[in-house]
Structures are given as C-alpha cells and as structure tokens.
C-alpha cells in the first residue's frame, strides 16, 4: 500500500507492507524494517533496527500529529491514489500546466469545455469517476482549449492525455 | 426514565430525571440528588449530598461493573419496559401464574393457543409487538387454556387480560 | 484541640496536596469548586466538595463569605488557604476566627505586618538584618521620589508596598524613566492590591533568589528548615527551584536561618512561612520580604529535611508543639522541583488551556509528582496555569539533576502544550549544571532554546503511516486499483504535463 | 573502566528500575523480550530492545547463550541480571565474563559458595555467626535423616541445599511425617534446582524474617545498609516489607550488620547482596542464607538510607570504590513496600492475567511507584505476577503506615484483580500497626479479611444507572412509551396475575 506523506512543505511517497506488527516501509530509497505495536489507544511502540521508540499518534484538526520524545510532527498521510486525485491539476503552472493527463484509470463523467473555449486557471475542465468518487479536474493555467481528446462515458487509463490548452 | 436495576438477587426500580450533570434518582422510597460527571471514559465523579465519590464503570460480559473505592459491584441495568418484557411470564408460578396480562401497550402478532389446549409451563402463548420488537410470552404454569381474549392484529393496552389458564 | 475536618480554600495541585495530608492524618477534607472546576482533581479526591460560584475568582475562591459559610455548613473546624487566593489575606484569617474556624496559617496581625513590604523592611532593619538599600516607607510625589531615587542610585526597582507575586514592579535604569515607571507601578499596584503605595529598592545585578523556610508553633518555638534557591524565573515567577542552594554553605545557612527566625519571632509569626533574600554575586544577602503562607516550592525542603510541612501546618494549627528542635533539622542530599505549566514555552509562554487527552507522569525512584491534573481533565482558562510540580531527590546535586532529566523525559502530556520541553533544556544547560544561577538566567538562555526538531522525523513518519495503514486495514475500505502497465505510474507528478 | 551500554537480562518492574538507573547515569540500556513481552514496559522504556524467543523462560529469559549473543550483537559491555531468572546463576556470570561482558553482580565463585545453602551455613558457623540449629551438610538415607532429626528436635524444616524462593521446603511436625516429607522435598528440589540434596533446620515458631543489605566493591570495602523486615509473607513469598525493622535497635542493627559483612567478606562477595536472618521471639538471631543479587524489596533500604542501590551496582561493576564508608550510612525515618500482584487475594491468590483497562497509580509526597505496568498493558500468563511495588517513606513508622494507607486508597487497577485490597487490610491491621509481625502473621489474619461489601452499594447503583441513562440519551434510541391511564402501571409486577 502506498501513501503520500506530507510534513511541512515536503511530500514523499511511502510504501508499506506487512501485518500483525511486522512491517516494511520504503521511504524514498530507504527501506525500514519495523516492529510496530499499538500498545494502547494511539500509542505506538516501534522497534527499528533494535532502537525502541514510543510515538503518540492523534488527530488534530484533521491532521495526524505524532509526538516522539520532546518532538511534535504534524503529518498528513493520504493513500497515494487519493493524494494524486486531490492534487490533480494543481502541480505547477505556466507552460507546464497546459496538458491534462489522467492521473489514474477511470471513466469520464462530464466534459465541461470544447475546443476554442477560453478558460481561466481553476476552471473546471472535466470530471472523472475513479475510486468510487467523482473527481473534478481544473485548469492549471489560463488559455484556450486546443484539443479535447475524450468524451463522457469513455474509459481512460492513467497517463492518457485528455485536454490540451494553448 | 425508569430502570430495573439488579444487584445479586435483588432487583429494584430506579427512576432518573435530569440532564447535564444534575440528576434526581428515586430508588425505592429514597430520593437522591446527584451531581454526576463523566470525567473521562467510564470514570464518574459523583457528588451526593456533598460527599465526593469516584466510580469506575465498565462493561464485563454484558454486565455493568462498578468499582467504588475497594468495592466492586456487578450491576444489570435495564430500561424498565425492556426488563418487563424480558421477564414477562416469569414472575412466580402456581395459582399466581394463570392469567397472562399485557405488560405494556402493543399489537398482537400471533396467538399460538386456543381454548382447550393443554400447555406445559414455558410453552409459547402469544407474540406481542411492542417497543419495535416481537416479544414472545410463555405460559407461567402448566394447565388448560380457558380463555383467549385477543386475536392477531389487535391492539392491546397494558393491563389487559389476554389469556387465562385453568 | 483536635482538628477533625478541614475545608481547603483553594484548587489545583495545592488543594490535592492538602487533601492528601489530611487523609494521612485521619482528617476529613472538604473541597470547594467554582463552576469551572467541577471536574478538577481536588473535587474528585476530597471527602466532600461544594460549589462556591462562577469561575471568576472574586465570585468563588476569593469570596470570603461563601467560603466561611460552606465551611460552617459542612462542619469543618479549620480552613487551609493553600497559596495564592486568600492565603495572605488578613481579613480572611479574621473571618475564619470570627466564625469559630481555625485558620491554618499565621495570626492576622502577622499577615498584616508582613504584608506591608515597607513595614517588613523596617522590622528587618530594627533586627539588624541586612535589607536591599532603598526606602523604608512608601514614597509618593515626583519630587520626593526623585530625591529618594538619587539617594539609592540607579538602576532601581519600584515595588508595590502591598505587593507580591511580581505585580506592581518596575525596573528603572536611569532618572529619565523614573516618572513614567512610577505612574505605571502605582496604577498596577492600585489595581492588583487595592493600594497604590510603592517604595524603592536598589536593583541588584543578576542576584540569586534564596529563601528560608521557617516553622513556628503557638508555644514560641521557631525553627528554620534551611534554604531554597529559586533563581530560575521568568517574569518574576519561579520555574525551577532547589534545595539546598549550590552556593550556600553551612555558615551562610546558619546566618540566613538565624536572620529568618529572628524576623518571624519579631512579627509574632506562627505556622509555616518563608523569608526571601536576594544574594549578591559577592555573597552578601539582603532581606526581601516574608511570605506568610506555604510556598509552591515547599516540596524541595520536604525532600531534603524529611519534614512534612503540611502535616506540621495541621499540627501547629491544632496547638501542638513542633515535633523537632533546630538541632534535629538536617539536610540530606539535594532536591529539585520543576513547575509543569499549561503554557507554550516557545510561544511567549501563552497559556494553553484545554483537554489533556493523554497523560503519563514520571515515576520510579525518588520521583514525586504533585499534580492537579489527570488524563481526560480539561484545564480551565480561568486560573493559574500550574498543572503539576515534578520533584526529585538525589544524593547530591548532580544526581538530582540527572534524575530530573530522566523524569522529564518520561513525563508526557498530550492535548495541550506544557513547559516540559523548556524545563528539559534548563536542566541540561551547562550553567544550570554548574550551579551558575541568577534571576536573569532564564531570560538570558531562553533565546538559545528551541523546540527540538527533525531528530525523530523518520520515526514520526513511520508511526503516522502505520496508524493510517492499520486504520484502513481495519476498515477494509477502497483498495488502490491494481497497477497495470498503462495506468498512472507512481513517482511521477500528476496532472498537467509540460 | 567505563560501562556505556547495559543489557538488562530481565523483564517487568525490575528491568524498568535498571533502565531508569542507566538513563540517570548516561548509560544506554538494552532490553530483551520474549514473544509474550513485546509490549511490556521495559521494552518501551529501553533505548534498544531485542527478541529472545518464545514465552517459556527456559527458551528466553533463561537462555544464557541467546542473552550473551544479543548483548554482544548490541554492543553492550555489561549485563544486569535483575532478580530471579539468572540472577543467582554462576554459569551465567561465567558466560558473561567469557564473552567479555561485565556481569553486574558478584563473582561466580561467590554465587556458587553461597548458592549451596549448607556451604553458606558452614561459612557462618566458621565465622561464629549463629545459624538455625540443623545440619551443615546435605542429608540422605532414611536412617541418617531420622537420626539427624532426633538431634535437632521437632518441629523442623527440610530445605533444598540449592534452594531459594520457598521451593523444596517442607515443615515436619513429628517423626511420623518425616519420611514422606523427605521424599517430597527431595523430588521438588530435584525438579526446581536440578539437585535433590536437602538439609534439616529446626523450625522456629513464628519467627521474624529480617535481612541485612550489604554492598561490597572490588577494592575490599564492605558496608551494610541496615536491615529490612520482611515478615509479612504468604507461601514463603514476601508481601509487605519495611525498613527499619520495628524490633531492631541500634545495638542489634550493628551486630546483624557486622555479622552480614563478615559473611560477605569471607565469601569474597562483591556488589549488592542480602544476608537473611530469622529472629526469634526472644530476640536471638540466626543466619538463614545469603541472596547474591538485588532483592525485590531493595527500595525500602534506598528510601531510608538515601543510597541508590542500582546506581551503586553499576558503579561497583565499573570498578569504582564505594561512595561511602560504614560511618556515612544512616537511617532516616521509615519506609514500607507493598507488592501489587496480579492475583485474586480473596480467591486463593489465583493469578489474574489480562488487560489492564484502566490504571491510576498513587503519587504525591513520598510515594514511589516502581511499576512494570501501564494502562492498556496486557499482563501475560507466563511470568511472576508482580505488577508494581508501591513504596512510601515517612518520618517514622506510624507516618509511613498512614501514608501507605493513603497511597493504597489512591491506587486503582481495572481489568484484572490485584492484591491492593488485601494490602490495604494488612496495613490497617492493629497487629501490623503495633509492629507485632511474624512470618505467620498473614496466614493467621487472612481468614479475617474479606472483600469490602455493600458500603458503597447505593453509589454504585447510581453510577450504573447514570451511565445507562446517558448512554441511552446520547444514542436517543427507543423511548419508553408515554404513560397513559390504561397502560401498564409501573411498580406492579408484570406478567401473570393471580
């Protein structure tokens, strides 16, 4: 299972596998073998390479707050695909924001623009149903719609180019 | 709101009213004014006539267990009507167990006997729907059905005589 | 006489402290609580508890008539005022006496005599106890104050005559600041103590704050229990205290103690009290004031002398003679107290009220937790932020410091912010470890302190991810779609592509 | 030498105790854990923790090879055995030494010499220390044992030569019981210690169990730290301990201490150890045995002497000289320890493993909680039932007793049964309060103890009803039907009517 983990300004992808207290996590290029137990509500005991840590994990305003020793971290953990859906179209602007690519497989529910339309940055371009949710995709930059390569009802794969703005 | 409270072999009826920490309870003929607060999960602070008590309340095998000081009580608390339904027909036997009276208002769902039937103690006599539940009523004593005063679909009031056994 | 039931006219950890002492003496305890304190620990721990009104202290914990009424109605025969609130209020002591209640503290006359700081300075002067150079009467009028200030020299302090607790104080570093500071000090004093009278004292440079615990019974015995060093302060409020002081040797201890006992005797003092001194860099000491009550930091004296001060307070109030003479008092080892407050130490000490969702107190050998909090408790916004006092004892000062560091590392409060992280940095500081203390210590080192960062980042990320992984696993909600060659490839940024 | 990292070859509260001492000395700690102990407190508190196998002790905590391997792999330079498990195992001490690990305890030769109880008795006899009348060599063969028994007289005890902890012991009250008891004791000894050798001792009538703490460094210094009274026992296991003993005066203390030091010196003892004596009704004392390890009840000695025994163990193991001479050791006040075990005291002391759903430890002035438990912890079924040791100090024995009563009233464990209720009744008992102690005390008074009943019945009913009332209120589920004149009238019995 993969997660997008955001601490401060930095988001990194973390892959986890394992069960019943024995886990393997890949953070960037590092692999961590972790013996992790929930000893009481929200209190984790972690053994990592022999070192013993106790982490208090709790929710605060929708974020995951983790206390380890005297330190506190506010961490957003999101399933990777959900993170991708949520941040769709939000990555960058300018020249880099002019092609809408499907971030994951799904079905086109609605196309809100047609070639020649002028759109402002943030305008809704189309809606994809994926992960049992309808996900609105917005323009990453202002411009004119040059191509619309999909239509409602059509299945798309991740990576497919859907709309091009000039 | 009324509750049937069972400690050991003894069941008594307790009436409670109040809210937001201020309650009045009537236990038998005694009236208790109680300032009661849930200070943490399952931990009650009770001020009763000025005296301060802390009671730990928790579930164990479906019973309510209460620790006060060094003492432990296993207490069954049931809404009075539910208690009445659950114990219907179970009160006593012999001559006292020969008339089935509706313990509360409801609708007759099924009548399992007719006059002249011989019944053993514990045999199902009829089913009443009340409190959104179907409640089976059983014979409190063996004998012969003398009268059946109701039929399926009929609404009854609490106190109505339903069936008489000879 | 026998005291059988005590009303504790206070809240928080000190009320709990007194309730415990009562229980150990077989004395029934009566708590009082404002509407904000119904679920406070002292209410849960006392034998009885009664409401005394709204959260505002002057409608509850400062309402003399209500407290006396509750005490009488509950059948209490004595009242313990704790510290703060009405602890140094002579009118409260009188009201108790008038109602036939034993006030567990000094007689009203002693409270009055010592509550007026200039009167106390005059007592010390008459006894030949050194005082900080300054005025021995309140000063007023610009011209008179300017003249007095010239006689003392700058820098100096303007202090409230009826003051205490750091209120109504202003430092003046040059004549040009005097008039403005005078006005501020006078109006703050008038607001805080109902009396705008102020006096002047020379401002000592980075002095140490050293105080002497005394106990006196009603039979004329006065004994001192050695000193406490309380130099680690912020905004004139103590943060870390210890006993003995690392700079007080037996000779100075005897001299300070003797001076303290002389002042207590001269004032007709009874019960537990504290005589405060400033000690200069050259070892000279100066009488500052006498606090006519139990101090917050009394436990460090208890740990090194083995004398239970609240028990002695109860015994003295019941008319018993002190259980020990001066020669019986000895100091063993070293004790340190850290005040755990609900504040943000890295955010200007802003109060941090709210619910304590998780609490693990330090424990084990020679660790004492005098707390007013518990897991699930909501710290109200109306009162002092002191949650708990963490006290340790060690065979010597280094052992006590190491133990305090260990205990602070165990102490965990979740849900609100506390001073624990800054306390840990104080006891780790080389100047603290070397005993180089002064009242300016904390202001000087605080800018070098910061919340620890990024040392446990990977551990925190792992914990957060496992928590979410297990949460999803338990609910078995939507699975990620199985990867296929043409699906979105992870590791590349989604959305618009250049 | 410097010890930088210690492997703690134990579990539970004593492992936590050692980890805390390490942390205070700046020494890294390594925990080991069986599969049943992954979530034990010592694992959470140590700097490092490693698995050592299945729950069965002989596959984990008694597996010398695994422990040594983990210690080496983790880079530890010393091993602390705690008490129990391998603490008195000479082969373990040797294995540590062979692997280049400092064994924090006595040399293997001293463990061997004192582990053989008859050899230890011979050492005492040679030194002129009184021993309980009996044999000084193991006895075997019916005729020889009968003859030896006649020489000693009845009642007598058959004891395992390699024994300890109450195993392999049998009381014999008349000659007719001897042969059967001999067989049982021999087979129990063989099973428990791998050696069926037994010896005989006269059975003293209601003796007191009094033991002396000694510490010895590698430089030939041996100092005793006074005595502990451990007479409150059940099944030869201590339940309540205290220091000093209420019957030991300074003269007897000096004599006991001197005897203990002589035995330690003769055995080449190093580190902390305990010499046990029985004291008769007439004040005569008899050497019983020497325990070559830290005792469970070491904290009461720590509280009255101010000496941190685990710290001294670490210092001694590192080659340091004792930090004090005999003349520096003094006893202040009184300390009591109560063992909080996960057992049903009113149900034949049956173990009560399971999850601790709620835990509120006692705290406040002079209360020490040496615990291996926490809220949410599941007590495993594989090990000793000791959860925590509650220790208090008081200025004198009555003050300590009152404080212990107060502390026990605060201590709350929910989810499992504990010995707290019976401990509360022990410290409230008039014989205990009067210091009339003997090893028969608990068996004698236990039948008079019972769980408290029905004093808080109404309070419990109110709490239970309010819990249900609020639960229903929060969920707003089915309401009771509105009462109407012809509906069922409450207060009358439902169902069949006569």
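Annotations
Order of writing sets the chain letters: A, B, C and D. Residues in each chain are counted from 1.
Convention: a contact is a pair of C-beta atoms (placed from the backbone, for glycine too) under 8 Å apart; a residue touches a chain by one contact, two chains touch by 3 or more.
Since the structure is predicted, the reported quantities are computational estimates derived from the model, not experimental observations.
A repeat of the B-D interface exists among A-C, B-C or A-D; more than half of the contact pairs are identical by residue number at A-C. Placing every chain at the mean of its C-alpha atoms, the farthest one from subunit C is found to be B.
The chain pair A-C and the chain pair B-C differ in C-beta contact count, and the higher one is A-C. Our note on geometry: subunit A versus subunit C, Cα centroid distance of 49 Å, whole angstroms. Here the spacing of subunit B and subunit C, counted between their Cα centres, is 55 Å. Separation between the centroids of subunit A and subunit B, computed from CA atoms only, is 54 Å.
Averaging C-alpha coordinates per chain places the centre of subunit C 38 Å away from that of subunit D. In subunit C, 45, 374, 409 are the positions where the chain touches two or more neighbouring chains simultaneously. Each of residues 43 in subunit B touches at least two other chains. Those residues of subunit D that touch subunit A in the shared complex are 30-31, 38-39, 43-50, 74, 374-377. Those residues of subunit C that touch subunit A in the complex are listed here as 357-358, 409, 412, 414-415, 420-421, 424, 451-470, 472-473, 478, 480-481, 484, 486-491, 493-498.
Of all the residues in subunit B, the ones that touch subunit D in their complex are 1-3, 5, 7, 13-14, 16, 19, 23, 25, 27, 30, 32, 34, 36, 38, 42-44, 46, 48, 53, 55-58, 64, 66-73, 75, 77, 79-81, 84, 87-92, 95-105, 130-132, 140-141, 157-159, 161. If you check the complex, the residues on subunit D that touch subunit C are 16-17, 20-21, 23-26, 45, 299, 302, 306-308, 311, 323, 332-333, 360-361, 363-371, 374, 393-395, 399, 402-403, 405-406, 409-410.
Partner subunit C is touched in their complex by these residues of subunit B: 21, 35, 37, 39-41, 43, 45, 47, 50-52, 54.
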